[in-house]
Each structure stands twice: as C-alpha cells, then as structure tokens.
Amino acid sequence: GGDDEPAATTAAPTTTAAPTTTAAPTTTAAPTTTAAAPATTEAEMTEPMDEEPMGPTELDVAMIMLGTKEEGWYATFIDSVHRVADEAPYGLTITLEQIEEISYADGERVIRDLAQTGEYEIIVGHSTYSDAVAAVKDDFPDILFAFSGSGNEPTGGNGYWIDVFIHEPAYLAGIIAGAMTQTNHISGVAAFPFPNVNGPLHAFIDGARFVATQLGKGEITFDVAYIESWFDPATAQEAAAAQIAAGSDMIYAERFGPFSAIEEADGVFGFGHFTDQLGLSPVVLTSAVARWDAAFMDLVDAWYAYTTEGVAYDAPMERIVYTSMVDGGSSLGEISDLVPADVQDGVAQAEAAILGGLLRVELKTDPIE
Amino acid sequence: MADQVTDRAPSDPQPPDGDRRRDPLSMLFQPGAWRIEKRLVVRPWHEFVTLVAALVAAVAIIAGLVLVIGKSPADSFAALYNGAFGTRESTLETLVQATPLILTGLAAAIAFRAGIWNIGGEGQFFAGVMGTWFVYDLWGGLPAPLLFVLMFISAAVAGAAWASVASGLLVRYGTNEILTTVMLNFVILYILSYLLAGPWQSPDTFYYQTQRMADTTYLPRFFSVSRLHWGFAIALLAALVVYWLIRRTTLGYEIRGIGSNVVASRYKGIRVGTVTLATMAISGALAGIAGFGELLGLHHRVQLDIAEGIGFTGIIIALVARLHPLGVIVAAILFGALVNGSTAMQYETGIPKALVFVIEGTTLALVLIAAIVSRYRIRKTG
Amino acid sequence: MEEFFTSAVIVGIFWATLRIATPLLLAALGELVCESSGILNLSLEGTMTMGAFAGFYVANETGSTVAGLVAAGLGGAFLSLIMALMTVTAKVNQVVAGLALNILGLGLAFFWYRSIYEAEGSIDIPTVETMAAPWEFFPIPWLTILALVMVPVVWVFLYRTKYGLELRSVGHNPEACDMRGVGIISRQYVAVVFGGVMAGLAGSFLSLGSTGLFFPDIISGRGWIALAIVIFGNWRATWVLVGSLLFGFLEATQLALQASDVDLPYQLLLALPFVLTIVALVFNRSRSNVPLSLTIPYHRGER
Amino acid sequence: MTETILAVDRVTKRFPGVIANDAVTVDIRRGEIHCVLGENGAGKTTLADVLYGVYRPDEGTVTLNGEPLELQTPGDAIAAGIGMVHQHFELVPPMSVVENVVIGTSASQWLDLSEVRGRLNEFFRNYDVEIDPDAEVGRLSVGEQQWVEIFKTLYFGVEVLILDEPTAVLTPQGVQELFRILRRMRDEGLTIILITHKLKEVMELSDRVTVLRLGKVVGTVNTADVQMRDLAQMMVGREVLFQFDKERSDPGEPVLEVDGIHLPSVTGRGSLKGLSLTVRAGEVVGLAGVSGNGQNALFDALVGVEKPSSGGIRIGGVDTAELSANRIAQLGVASVPADRIAQGLLMDFKVKENLVLGRHRSNPFSRGGLLNRGAIDGFANKSIEGFDIRTPSASQSTRTLSGGNLQKVIMARELSGEPKLLVAHQPTRGLDISASEYVRRRLLEERDRGAAVLLMSEDLDEIFQLSDRIAVIYDGRIVSKTTPEQADLESLGLSMAGADTVEAGSA
C-alpha cells in the first residue's frame, strides 16, 4: 500500500470521508503497533475476540554460579525458575542454562561472553557479580541482567537486584526448636556474618526464645559458628559437632554439612535452610525455604514489557525484595513427624498469624554476638 | 634376561628391575636394537615437533571426552579457538587473562632460579592487593599520579614483606620454605577476611569487600572495546626487567649462582642468606604488583576471591617456560588463551565447566611431557 | 568461659581432633612414603578429590561403603599413576607435574560427577550413608582406625622391611641403588601409587566418612595441609601423626571456641592452626630427614 | 691359569660428542689381577661400566665363561657374578654401614640387620679394619667409605671384581693393606680388574696391564715384561718426566699464622683440636694426612666459611677468624677446593662466568651492580689462552668440560689475582699425569712469585715433589713436622696413621 499513500493524502482535501475512514483504523493502529509484528494488526482487525499468543515465544535464561548448583542458594533459585516455567507466563517456553564455578574474578568476562552469544534474554547471577553487571550492562541494552542477594550495589537500568528474606519461616523453625530443646542451648552453623545469613539466625533464636518464655523454660543460649566458606560441609559438620559437644541440641543449618554430625548424636535435631531439606536427613525437623518465584516473575515481566511494548528497562536503585511469606518470598518447609502435634499446632497458629499480618517477625541483620 | 633372573641366588627373589624395559613408557620405545638417548643439543624444531605431537594428543583426548557427553568436537574446538583468538576482543581478553599470570610466573621463575621453592605466589598476590588498598584507604585523596606511585610501591613492598616472612625463617632457622609459603597462603586470606569483615568493609554493602575505588584510580585501558589495561604493559616491562636483572646484574649472577650450587657459592664468598632474602623480596614484589594490576585494572574493590589460583598457575607457567622471563610471557598468554577458549567452549557448546579443568589439566600434562621427550632421541644401534 | 571447659566440650574436641586429623593423616602418610622414594607429589588436592568422588560414586551405586573405599583407593591410584608416568618415566619436573595434576584431578572428578548426576535444583542432590563407627566407645568412622593403624604399618614398612629400606635409599641416592641392581622405577611407581591410594582414601573420608556428599571443592585445601604435615613431621611417620593430630586439635579447638561464649575474631581462630604449624616447625630443630634426591630425577649414565 | 673368564670383543661405546670406547678388545683371565691403565677420559670407567651393565655397548660383545653376556642392568651383572667398586662412591650417606651393605642383597623381605652385622664384623676382623657397622656412612672418612664400598661388593660373593681407581683416598699403609687383601683374594680364585692411572700401583700389583688411550686399546702386556717408563709412554703417547727439578726456596715473612684453633665437627667435615701452623711467603708447606683428619675443617676455617670456636688465624697480619669468606678473599687468599665440582664450580654457568666467580662483584668485572661483560669476556679469553683450557668457547656450558679442564678453570680463576696465600686441597685429585704436571708446575710458579702455598694432599709423591716443609695432620692437630729431605715414606705413613701422637711445637 506504500504507493497509494501519497495518493490518499493528496486525495484527502478533494474527496469525501470515504477513503479516510477506511484509512483511519490503519493509521491509528500504526503508531501503537510499530514494535509488534504486522501479524498483530491483522489479528486485531480480523478476530479481536480470541487472542493468539503474541510476540516472543521463548525466553532463554542463563544463570552463573560461584559454586555448583547443589548449593542451596542456587538450588532454590533453580526450583523457582522451574516452577515459573511450568506456568509458562505469556505462553513462553522458559529454558535455563546453568554455568557453574565462575569466580568473582571471572564474572565480568563470562557475563560479557554470555551476552555476546546473543542466545540469552536474561542473565542472572549472585550479587557478587553486581560489579560485573554494572560493567557490562550498558553494552547490551536489550538483555536483562539480574543479581540476587543482600550483597552489593544497585546498578539501575537493565541491571536488576532481587532478594528474598526467609526470617519468617526461620522464626517458625525457631518455635519448634524452642519448644523441643532439652538443653536450652541451640545453635546455628553459617557461612559469613552477612545480612541474608544473620536475618534467619536472629529470627530462629527469637522464635525459640518466644516459646521458651511461653512455656517457662527459662533462658535459651544461642551460638553461631561462621565457617568462612559458602560450601565446606566437612567443616560445617565439625562446627555442628563442636556445638553439640557444647550442649546444643537444636541446630539451624544455614550451610550444608551439620546433619551428618547431628545424626551421630541422639536427641539433637537440625533445621534446613533455603531448600526443603526434610528428605536430606531423618534429623531434619523442618526448613526455612526461600522462594524466588515472584522475584523471577518480576524479571520476566520487565523483559516482556520491554520486548513487546518497548517499555524501557528501569531497575529500581534498591533491591526488589520479597520480605515475607505473605508476598511469597519464603515459606516453611515440610514439618517432620518427630515434631509433637501440639508444637505443630503452635507453629500453625504462628504461621497463620504471620500470614494474617497479626505477627510481625523483626528482621535483624547484625552479626550475632 | 629371564634366565638371568633364574640364575640369581634363590635367596634373592627380587629380580633386578632398574632398567627401562620394566618402565611402561620406555617399553614402547624398546623394540630390539632401538635405544633412547639424551640429545647433546636440543634444537628448536625438536621441541616444536614434540609440542605439536602433544597438542594433537590433547586434542584427541578432549575430542573423546566431548563425544562422551554427546557434543560435537568440531564445534567445541571452533568455540575454543574463537574464545581464545577468534576475534580482536577475545584476543585482547586473552591478554587480560595473561597479565597477572606473567607477573606471578616471573615471581616463581626468579625464585626457582635461586633454587628457592616459593609456592606462596598466591598469598603474596593478596599482600599486594592489600598494600594497594591500604594506601588508597589512607591517602585516596592524593593527586592521581602520586597516588598511583604510592599504591604501586606499597603493593610491591607488601608482597615482598609477605614473602620475606618465609625467607626470613628460611635464612634464620632453615625452615622449609615450601611449607611456610603454603601455610602463609592460608594465613593472609584469613587476615584479609578479618579486615574485610571489619575495618575495611564497605559501609554500604554487607559483603566482605571494600568500597569501590574512585574511577580516578582505574588503570587506563588500551582500547575502548576491551578490558586490556596498563597492567599488561607493566607485566611486559617487568619481564624485561627480570630478564635484565638475571642476566646483566651481579645480583642476578648470584641468584643463578646459589640456584646452581649453593655450597660453591658460599665458598666463593656469595652471601647466600642475603641473596636468598633479596630474591624472595623481588619474587614477592612481582606477585604483589600482579595484585596491584588486577585491583586497579579490573576489580576496583578488594574481595576475597579477587583471584583464583593465580599464584599456583604462575608456578606452572614459570616451569613450562623453563624459568626464562621472556618464555613466561608466551606461556602466560597461551595459558590465558586456554582458559578463555575453554570457558567459551563451555557456553558455546554447553559442555560442563568440569570439562574446562580437564582440558587445562590434560593439555598441561602433555605439554610438560613433550618438553622432556624433546630432549631425547631414539637411535638404531648394533 | 568456664563453660568452655566442660567435659563434654573436651570430649567433643577429642573426637573432632581425630575426625579432622583422619584425612590429613591418611594423605600425609601416603605422601611420606611417596617422598621417601624421592618423588614430591604436589597433586594431593586433586588426588583426594578423585578419591572422594570415586568413593562417593561407587558407594552411591552399590550402597556399600567398603566398595566405595576400594573405588576411592583406585581413583587415587589412577591419578597418581599419571603422576608416576610424568615424573618417574618422563622425568617431568615434579612440582609443575603435581600442580598440573591438581587441575586435572579436580576436573576429572567434577566432570565425571556431572556426567552422572545432572542435578536439577534441590530435587535430587545425591547422598550416601555416612560411614559407621566401629564400636560404641569409639563414636567416629572406622576409617579413622585404619588411618591410625597405618602409622605403625608405614613405619614398619619403611624401617623394618627390605623393600622399605631400598625405597628410602632410592630417595636418597638412586644411582647407588641402580648400581646394586635395585629397581628404581618400580620402587618409585609403587611409592607414588601407594601415596595415591592413601590420598584417595583420605578424600573418601570427606565424602563417605563425614558429609555423605560429593562436590568439587570438597577437599578445600586439606591436600596442601597434608603436604605441609609431611615436612612438619620431618619425614617420620610418628611425627606425621603428631602433626596431623596437632592440626586437628587446633581446628577442633577453634570451632569449639566459636561454639562457646568466648569472643574472638573467628578469622584469627581459623588462621591459628597454620601459624602454630609454622611456629612449631621453627622450634623443631632436629636434623632434617629430607630424602636427599627429592624432586631430582635420575637418568642412568648421565651427568 | 691362562683360561679366559671375561672376553671383551670389539666393544664400542659412544657418548654425544665422544667415542669413549673404540672397538676395545681385552681378555681377562681367571684369577689374575688385570690393571686397566689410562689417562683421564681414556675410557676406563666406561669400559668398566659396560662390563657392569651400566651402559650397553653400541657395538661389540662381551662373553663370560664363554657365554655371551647380555647385561641390561648392574643387577644382571651382579647376578652373573661381576661386582664393581666405583670411582665415585655409590653410598647412601644418611644410612648406616650395615644398611648400605644390605641394599640390594638382603635375602628376606624383613630386614635382619643383626645377621648382616655379624658377617660384616667378621669381614672387618678378617681384614682388620676398624669400622663401626652401625656408624652413619655420611660421617665416615673418605678412606673408611672406600672400605665400605669394597665390602659392599664382596658381600655379593662375586667372581669378578672391578675396582675403579680405589687407591685415590688411601694412605700408603692403606694402599698396602688393600693390595695385600686383593692378592689374597686373587689367590682365593677371585678375578680382579683394577682401574688406575698410577703406574707404581700397576707395576706393584698387576699380573697383566691393558693400556687405553682416547678410547682405544694401546696394548695388553705382562707387567713383568715392561718398565714403568714404557707404560707411561703407552698411556700418554710421549716421554714423561717424573721428578721436578725445583730450586731451593727462600721463605720470607709469615703470611699464614694459625694459632691453636678449635672447630667442632660440622656436617661430618671433621674437626680441629688446637691446630697450629705457619706458612711463609715463598714456601710450599705440604700438609700430609689421611682424609678425614681435619683437612676439610682447616680448609673451611682458612677460607672463612666456618668460624673457629677458639684460637686465631692471621693472614698477612690481619686476624681473619671472624671475617666473611669474601673479605678474606679480598686479603689475597686464593683456594683450590678438594671437590672441584661440589665446592669450586657452578656447573650450570658458562666457563667465563665461572672464571670470575668470587670476583664478580669487584672491578673491573662489575660496576655499580652491573656485570661488565666486556671485561669478563676479555679476562675469560685471556685465561683460556693462558691456562690452555680446552673448551669450544668461553660461553660453553661448564658442565661439558672435562675434569682436567674444570681444574684448569679453577686454577685460572684463583691464580689470576696474584694471591698472597694459596690454599690448595687435593689439587690434582682425579687428574692424569699431564694435567697433574701442569697444576704442580703452576703451584711452584706461585711459590717462586712469592706466594705462601699451603698444599693439602693425600698423594705423598705430590707432597714430596712440591713441599719445602711437610706437616702431618692427624685427628685435627699437627702431629709432626719435617722436610722432604729428612722424611721417609715409612715414618710419614706411621704418623699419618697416628702412630706418634707427640705434639710438635708450632713451626
């Protein structure tokens, strides 16, 4: 129709409305649908009733990790991506490429190379890589970069910073611990004194102290061992063993490893972190589970809006953080049968209170002791 | 031969087996009258041929593994090459990888020249990083040129100091330096971790990391497209300086001297202790400068995993380069190419990261063997 | 603070010391024999990783810890066989060969693991039953017993058998042995591979003995510490034992301190074992037993 | 007894750049003592090593008792009944005598040292030698180590025994002792091949002699039929003179004054127990003694690598007891160490670099910390010229130089500074006649120039030839002093063996 166009315009003053009216819908449609494929306009005009899937049908996500994907932090993220993928938002087929063992030092190079392959629409990593994202993101404006965790600095633009807090389920776990401890001594085995590490630990002890006072069990002592590594189960296990020796009988396993030590001792129980670890060991009573579904979905939305409507990426200059079980950032894992019914009830009540907004679990991120 | 074994007194059942025939590899070379013997002179093409053979073997093995996991070797090697030298960007990125390795390679080379087994390049690298940050932390406000000089000196001094702990113990108490340097690698990481958790921790992040440095302290880059920074030039310069030091100065003479024969050196009045201290100081300083380059050239903030095995890789590079300062440059660049190429391979063709290590390890092992094999020849005799 | 000295804590430290020392002791004893023959094997880190994986894999497949241990030994033997080929046969510089094999060992184990367990998120993290304790009164994995038993075994082998004597002679003066018809190559192969088997077992203690998991960085520096312990122990089995226990004790203590209310910057606690090892070494002034031709390759009839 | 036990037939052995054995043909008869005579590098050791399975010949055959001998390793040779005592000891220093003997011989898998110790003591008693079977070999004197080497080999009960220059480290009595034993062994039916380049020994001991030169057999003769002079000619290929005609010396001021120094034994290099000694300008003082009596310790103290615990050393009037090695060197002290490769040279260095070792920091060889290559090259070429060092170029790797040439490098280096004091320890050890002649002449030239020369040697001929005065060291002290004119081998040998412990006053 390119040739008639000048004709139409010249015709306009002379001839009557007839041509212009026909022209009207196309001309009005034109600006809005420039980004979209021509098929869209046809769809709109022919069958406006039932919507054909529009725009992209595939979303390729690349995820880079400091360690291996067994590590809880990544495992739970991968779980979330799979859950989201199963729901196929916007009818998208979402695939996840996982790249392990990329050190902070290599982050920028790897992220840049990944972007250059042009295969990935979203590239996510731990917030260790935020520096790398900051360095790379402007060279690849079409790609959405994201990093998760409490760590680093926001980058804005197409660099999104997402996070979740799991102190609420940790609090609930603490209730179990406080109710079940014999020795009034409970512990945590953790990586580094970071906020995402300290938050749940504080909540865990608060939950425990809460019930302890309720049941008049008296003062609960708490200690945490930082093993100075994101993944060293052997040391984590020794740390737990030391705590057990020191009289602790409820151990919050912020890292992999303690359960095998706990299994050795009797009357000692553990709590999982990040992922639902009930299946990992018989001594696990429950887990504080991190859920990235919502956060990841935000990324998908942002990307989709950008690709389909050309809505510019505009990452907020602070974390997009899902802080509670209410907004879906976290949940309490399955509870072991070893937990007495009345305790389970107590937990259920507390959980309800949290979900109902009646109970606010305070988030403390300062190092313990 | 068999009868000779039976000839032996039954009282001594052990057959003599010091000979090459019982030596699996050599058996391959021992049909009849063929004989392995050492070359009096090893010509470049000897080395070249064996090197090529080694690379072919490496390629074969890697191709096998790639097939095992059901990927295409052709694509994989294409990706490997592209990742290493395929484009101008990747070539420059390879040089970026090589930059710290040249320096830690030199650090190892000069120490080994003196017969001192400095396995502490890793720790001395971090000492350099800490030295750089220390100055920035105190006098970050100074005019850039002055600040650079101070940071550079401080990095070198810090690396030297950390190395001197080991050499001091070695000279004073004869404490084995392999042990002390290995141990000190661990110690300094904990010290750094402590600093990053406390005094040095960036107020606005919770990681064990410092604040990001002001961009006035970024080392200038050569091409806008790449990350190749002045650290590379510094590394090349360092290689020339070390070469000159070893060959042209009396200190270099004495360094090689105690490396060649410490007893004779002492008899001829070389102060072995002093030279040992000097050598380790230089070695540590080089590793420290590597830290300076990585911090100001790439990362701009101190982190615990700012480097991964750079010190150890430096040792490999030094020995692959036969401790020759200029050879170190080549070896480092090739290693950088191997690292980048194989990571590219990883996401181009979706092979697991694990295979990257296998590729690096296999190639290294075969190249090392080739270097030795090239010193021998097989001759027909009798 | 006084709470720190409760008997429970002391007992805890005692067993923890043994547990932490076990992999170090196994690896260090193997390395002791290896170095006695004149070969410095720096690839312990990689060899232990191989053992940790091989043991984990087989135990996971068969459900038998013993089978796992055998596999771990073989896994270690495999990498050390490459080490022997490179250093004994091809006479590659031992330091660089060791470092290269560290990379290779880690890679092979990780590669193998991945090509078998394609873990997807938290669903299927493979685990194995951790090793049982031998007796009621000995509440830690029985591999520890083996490690302790290996101390006198290695000592007797090195100092009370003909083969051990010859192996040590090879480490001091291979030419002298060659001139006596003592097979150098065979002995060095035996020593290196023995070291590999021990390192493999050491690695498997971490996967089968303690955590029931495998992951690439499972060794995280313990191989290096074992190497240090051999030197610290001045190439004597008994002192290697002392070194391993000392190290285990310090590590256990610092973890116990963290579990107590004693308040110290924990990084300094973590650094303590390494510092004290150096200090101990400085004050160990007895004559060195280092094998005189350690790292020096032997070529017959060359000079 | 003319039956051939070992027949070497046209054996050729090449090394890169050298033909060490060139179609060598020898027949060894059962129960004879057969000397193999030749200059350094003539190919003696190589021949022995071929017979012992260290090398496999490139061409030619060896037959033992008529059977072709296909040796792959020394182990095979031992199995076939051939034993060898090497020129350079093959011992494991940190281990005891017994353990050294056991290596490769023990029958059982379990070590039974007591049994070996028993047989060893028997041996030692039998040949009356004083060695503690449990002593650490590294701490034994060179002479004692020599015995250990011999007994190690005999322990196998071999039928052919090869000894490669075994007498280098023995006293005259020691040599006599050894020869007595060797004769006895021969009479007991053992076949002995003795490698040497000392003509006296050949004449005294051997039944037949084979002379090698440059890898070729010059001839095999019955000892009875020849004169020493003939052998010397066969060996060197020209006339050799045996006596130096050196004119009397006129000693000047004392240059070296050692006054009762004590030095505790460090790393088995012997100890000094109040040794006093004076060497004047322009004289050669010969220090005779069995190795291991403190010569090493004295050498170390004089050049300054060890500090005496008490007593004084004055060189040119300066107290050097506390000075560092290179400060002492700067006083004009030159030294020729006993083990040229271990103590004198950097084998990885170029020849020219070794020629300036020790003076590399001083003018003109270095300026402001930089090596002055021009000066070094110039000096190197001059030295190579002046000392007739056989090397392709000044930049040749020292490693490939021959023993004699290595020694020349050291002499050139040490003498170039016109030293006030020259301490020479075993300067001709392992060198052949021509090389030795050269070195000795050089020492005398230094004396005549006015240098004080202290010559430590275990070769008494050398001591007699060169010395103006002779002192005997025993157990870290000077036990007797004499002159070549007054002294006779007999008494000297006795005091070397510690017969007279009469402390002689300082000279």
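Letters A, B, C and D mark the chains in the order given here, with residues in each chain numbered from 1 onward.
Quick note on the criterion: a contact is a pair of C-beta atoms (placed from the backbone, for glycine too) under 8 Å apart; a residue touches a chain by one contact, two chains touch by 3 or more.
Computed from a predicted model, the values in this text were never measured in an experiment.
The set of chains in contact with chain C as well as chain D comprises B. Ranking every chain by how far its Cα centroid lies from the centroid of chain C, the top place goes to D.
Of all chain pairs, the one linked by the largest number of contacting C-beta pairs is B-C.
For this pair, chain B with chain C, the centres built from the Cα atoms lie 24 Å apart.
Computed centre separation for the pair chain A/chain B is 39 angstrom, with centres defined by C-alpha atoms. One simple way to say how far apart two chains are is to compare their mean CA positions; for chain B and chain D this gives 43 Å. Centre to centre, using the average C-alpha position, chain A and chain D are separated by 80 Å.
Contact of a single residue of chain D with at least two other chains is seen at positions 73-76, 78-79, 105-106.
The multi-chain contact residues of chain B, meaning those touching 2 or more other chains, are 15-19, 38, 190, 193, 197, 352-353. Among the residues of chain C, those touching two or more other chains are numbered 110, 162, 177-178, 181-183, 216, 267, 270, 300. Interchain contacts give a graph that is no line, ring or star and is not complete, per the touch definition above.
Contact between chains, per the stated criterion, is found for A-B, A-C, B-C, B-D, C-D. Taken in their complex, chain B has these residues touching chain A: 83, 89, 93, 96-97, 190, 193, 197, 204-209, 212, 227, 294, 298-301, 303, 305-308, 340, 343-344, 346-348, 350, 352-353. Those residues of chain A lying in contact with chain C across their complex are 67-70, 72, 75-76, 78-79, 82, 101, 187, 221, 223-226, 228-229, 231-235, 237-239, 241-248, 256-257, 260-261, 263-264, 274-277, 280, 369.
By the touch criterion given at the top, residues 1, 4-5, 7-9, 11-12, 15-19, 21, 35, 37-40, 248-251, 253-254, 256-257, 259-261, 263-271, 381-382 of chain B touch chain D in their complex. Those residues of chain D that touch chain B in the shared complex are 16-17, 56, 58-59, 70, 72-76, 78-80, 105-107, 303-305, 324-329, 335, 337, 342-349, 353, 357-358, 360-361, 366, 369-371, 373. Those residues of chain C whose C-beta lies close enough to touch chain B in the complex are 46, 82, 85-86, 88-93, 95-97, 99-108, 110-115, 162, 177-178, 181-186, 216, 221, 224, 227-228, 231-232, 265, 267-268, 270-271, 274-275, 277-278, 281-282, 285, 288, 290, 299-300, 302.
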